[in-house]
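Heads up, the thing below is written out as structure tokens.
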Amino acid sequence: MKALFLNCTLKPSPQPSNTDALIRKAVRLFEQEQVACEVLRLADYNIKPGTSSDEGEGDEWPRVLAKIKACQILIIGAPVWVGHLSSWGQRYIERMDSVFHEEGLVDKATGQAFTYNKVGGVLITGNEDGAHASVEQLVWAMQEQGFSIPPNANSYWVGEAGPGPSYQEAGGERHLYTNKNVRYLVYNCLHLARVLAQHPYPTNLNQLNEDAKQESDPEKES
Amino acid sequence: MKALFLNCTLKPSPQPSNTDALIRKAVRLFEQEQVACEVLRLADYNIKPGTSSDEGEGDEWPRVLAKIKACQILIIGAPVWVGHLSSWGQRYIERMDSVFHEEGLVDKATGQAFTYNKVGGVLITGNEDGAHASVEQLVWAMQEQGFSIPPNANSYWVGEAGPGPSYQEAGGERHLYTNKNVRYLVYNCLHLARVLAQHPYPTNLNQLNEDAKQESDPEKES
Amino acid sequence: MKALFLNCTLKPSPQPSNTDALIRKAVRLFEQEQVACEVLRLADYNIKPGTSSDEGEGDEWPRVLAKIKACQILIIGAPVWVGHLSSWGQRYIERMDSVFHEEGLVDKATGQAFTYNKVGGVLITGNEDGAHASVEQLVWAMQEQGFSIPPNANSYWVGEAGPGPSYQEAGGERHLYTNKNVRYLVYNCLHLARVLAQHPYPTNLNQLNEDAKQESDPEKES
Amino acid sequence: MKALFLNCTLKPSPQPSNTDALIRKAVRLFEQEQVACEVLRLADYNIKPGTSSDEGEGDEWPRVLAKIKACQILIIGAPVWVGHLSSWGQRYIERMDSVFHEEGLVDKATGQAFTYNKVGGVLITGNEDGAHASVEQLVWAMQEQGFSIPPNANSYWVGEAGPGPSYQEAGGERHLYTNKNVRYLVYNCLHLARVLAQHPYPTNLNQLNEDAKQESDPEKES
């Protein structure tokens, strides 16, 4: 069982990242359960803007995508900026758009995206307000992409209204609510990933598509 | 296996509801798979504003809540109004806030909300733009509340920018994309509900809470 | 000069409302500048669900609408519930949808909604995360409806991640950031309202509509 | 009078951009009114991730920032990707975060950000759903940053639910609703910019800050 963490911080390594500090909590918990963990920052790669799986020369998204393919649990970590998911978080979503239109990312027989039977979760930090909006954008996008989302599949820390210290400086690592939720996230993701490994979705999307065509206008093929 | 559909249309019965028309598609598919379906409109009940499970005299939310407890699959249907989830959709979320703070809605032994091992999905209609935002708000809220979300757990129809005909008038019932997605929703929800019935989450949240306290500030009890 | 405050708390009077406590700060500031203020709670009225200006028997929205018509500055106050604008906030938006489709709410000569030359602002309280999302939904809706939005047209208070005390209990009334922003809101709204009273928008939307038709498909009349 | 258009398309020049096609409509209208227009794409610049006004060697945001300083009207154009504002749109917001914490971007005497008395608007295109969410994120952010927002300060085009042709291919340039709204945007921005040029906000934020401190906890300085 492998868990991959994509940190969408604006700061490349080795700059300290508050989101990384929260990610490390989840890593320790997963590792106690013999889950192999890998953490990477999108800002350390040359992730070109675009919506395909490979934006050509120099694009390093394919390396990230290969890691997503190889994991069973994907956790997106991201900071809040001005009330919203960081631009690297939205770039993750844009690059994953390829699962909706590239045949190579879909199983020929079933029509399932490669993400089916993988489990998703979210970790957010910010100095203030915007965590719910950020979790929301990611949880929903992952479900669209093909991931399954267990209950309480997120944990976050933000401070009170307005400017102020960030997660680590503010002592957020000792914030009970966040520490509870990171545990729910880890154990629920783990259970769901194990169950789906044994009982993968049998859904044949190709067949359902044919069925859907029966009750749809013939000229529109989307 | 039971599926409950909560329609968050602004219109009480027997007024025609576009969201209802989309819900009926899912009902037919579930019934083909021997899932017992019930559809209700929040607008037909006296659902008082508030965040508890019972807002006192005349409040009919307890009747709805009893039905949510009895289902394995909960599908929220809602219209888009001015780019957002209808006010009845947000009221559903507000009333379900009780799972976060009422002991009676949580299993004493495990600390799991009553929603654990239930599966959630979303159906949205609108004459125009706002479906993603509405799905997002509901999918994320359901995950917070304790539901599990399978891949492609939503279907929606909206028309192009600006005022225009709604789902039924516009022929949305013959829109291929929507017809495909309602099928993904139904079959993925069904599989996940069956799997979780056999393999419920073993997560003991009470124990995780104790563990979390070990690395948290003692004075903060949230 | 009149300022109207619509409090979208879930709690009818005389229950204490944290949002009301923040509203009272703005009221005091406006009154120092000889602006007449009125504060009301939607929860104290029978505001029926719907998107017209009058939903028939028993509907008390028309009384609220008359007050909106009579003010120069409209401030919407609302609590955050589960990361989002309260359902009463969304109901305000739904009921104001009438400005987009009811002739009686639009000036015949210019096509301007009755809201033109009025100024809008937002006040939000919540025990935790969701203020930006709530402000955003309202600021944007008000701009759609015809209000003008000055800089820093909002103030909010929320506590840190997770459950916890609300605005008043937490001492939010002494939170510097919120106290600064409520002042920016008041003085910027006041200036913009005065300027627009002297220099109303001359925009003739009817004429622009005719112009727009010249470069649009004739069959679509939206 | 100068209007600056920042196109947040993912595609660098000279690739065709649907958002650019909508921007050009606004440009033509502004130019008829003797407003000097400049259009640029963030994707054509090396805009480093970060939240300061200058992220160091190679960062070309300072060039964009200089243009923002020089305009009276700023229009952000952006595509929708998977229901949300493009990552370049969020990057604009992140880089403008500097107005909240860099002294050089604020007038010493009044405490006003350099954006005060400038006017903001938004143009969005997407093949489907997500325009409201994208407009909302930008309108609200601009108001936070110090811009004033006139009524109907946005125009957008999206197609119906699911994959499909984009703005130009779908004939969106002949879509009446979009063509009406781009006109409202232009003429309302123009009026408000003229009025604010003559009657700038007199608000002294420094003084209001001092006043706010009187009713706030002394130890918190945010």
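The chains carry the letters A, B, C and D, assigned in the order they are written, with residues numbered from 1 in each.
Methods note: a residue touches a chain if its C-beta (ideal position, glycine included) is under 8 Å from a C-beta of that chain, and two chains touch if they have at least 3 such contacts.
In UniProt terms, the chains line up like this: A, B, C, D = BRAMP protein.
Note that this is a predicted model, so its numbers are computed, not measured.
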Expressed as a multiple of 5 degrees between 0 and 180, the CA superposition of subunit C (BRAMP protein) onto subunit D (BRAMP protein) rotates by 180
Have a look at A-B versus A-D and report the one with more C-beta pairs in contact.
A-B
Top of the farthest list for subunit B (BRAMP protein), CA-centroid basis, is D
Centre distance in Å when subunit A (BRAMP protein) and subunit B (BRAMP protein) are each reduced to the mean of their C-alpha atoms:
22
Based only on mean CA positions, could you tell me how far subunit A (BRAMP protein) sits from subunit C (BRAMP protein) in angstrom?
35
Cα centroid separation, subunit A (BRAMP protein) vs subunit D (BRAMP protein), in Å, comes to 29
Which residues belonging to subunit A (BRAMP protein) are in contact with no fewer than two other chains?
82-84, 132, 136-137, 140, 144, 162-163, 175-177, 222
Quick one: which bits of subunit C (BRAMP protein) touch subunit B (BRAMP protein) in the complex? Just the residue numbers, please.
10-11, 43, 49-51, 81-88, 90-91, 93-94, 97, 100-101, 137, 140-141, 144, 162-164, 222
The residues of subunit A (BRAMP protein) that touch subunit C (BRAMP protein) in their complex are 82-84, 128-133, 136, 156-163, 172, 175-178, 181
In their shared complex, at which residues does subunit C (BRAMP protein) touch subunit D (BRAMP protein)?
113, 115-116, 132, 135-137, 139-140, 143-154, 171, 173-177, 179-180, 182-184, 187-188, 191-192, 195-196, 198-199, 201-203, 205, 208-209, 211-213, 215-217, 220-222
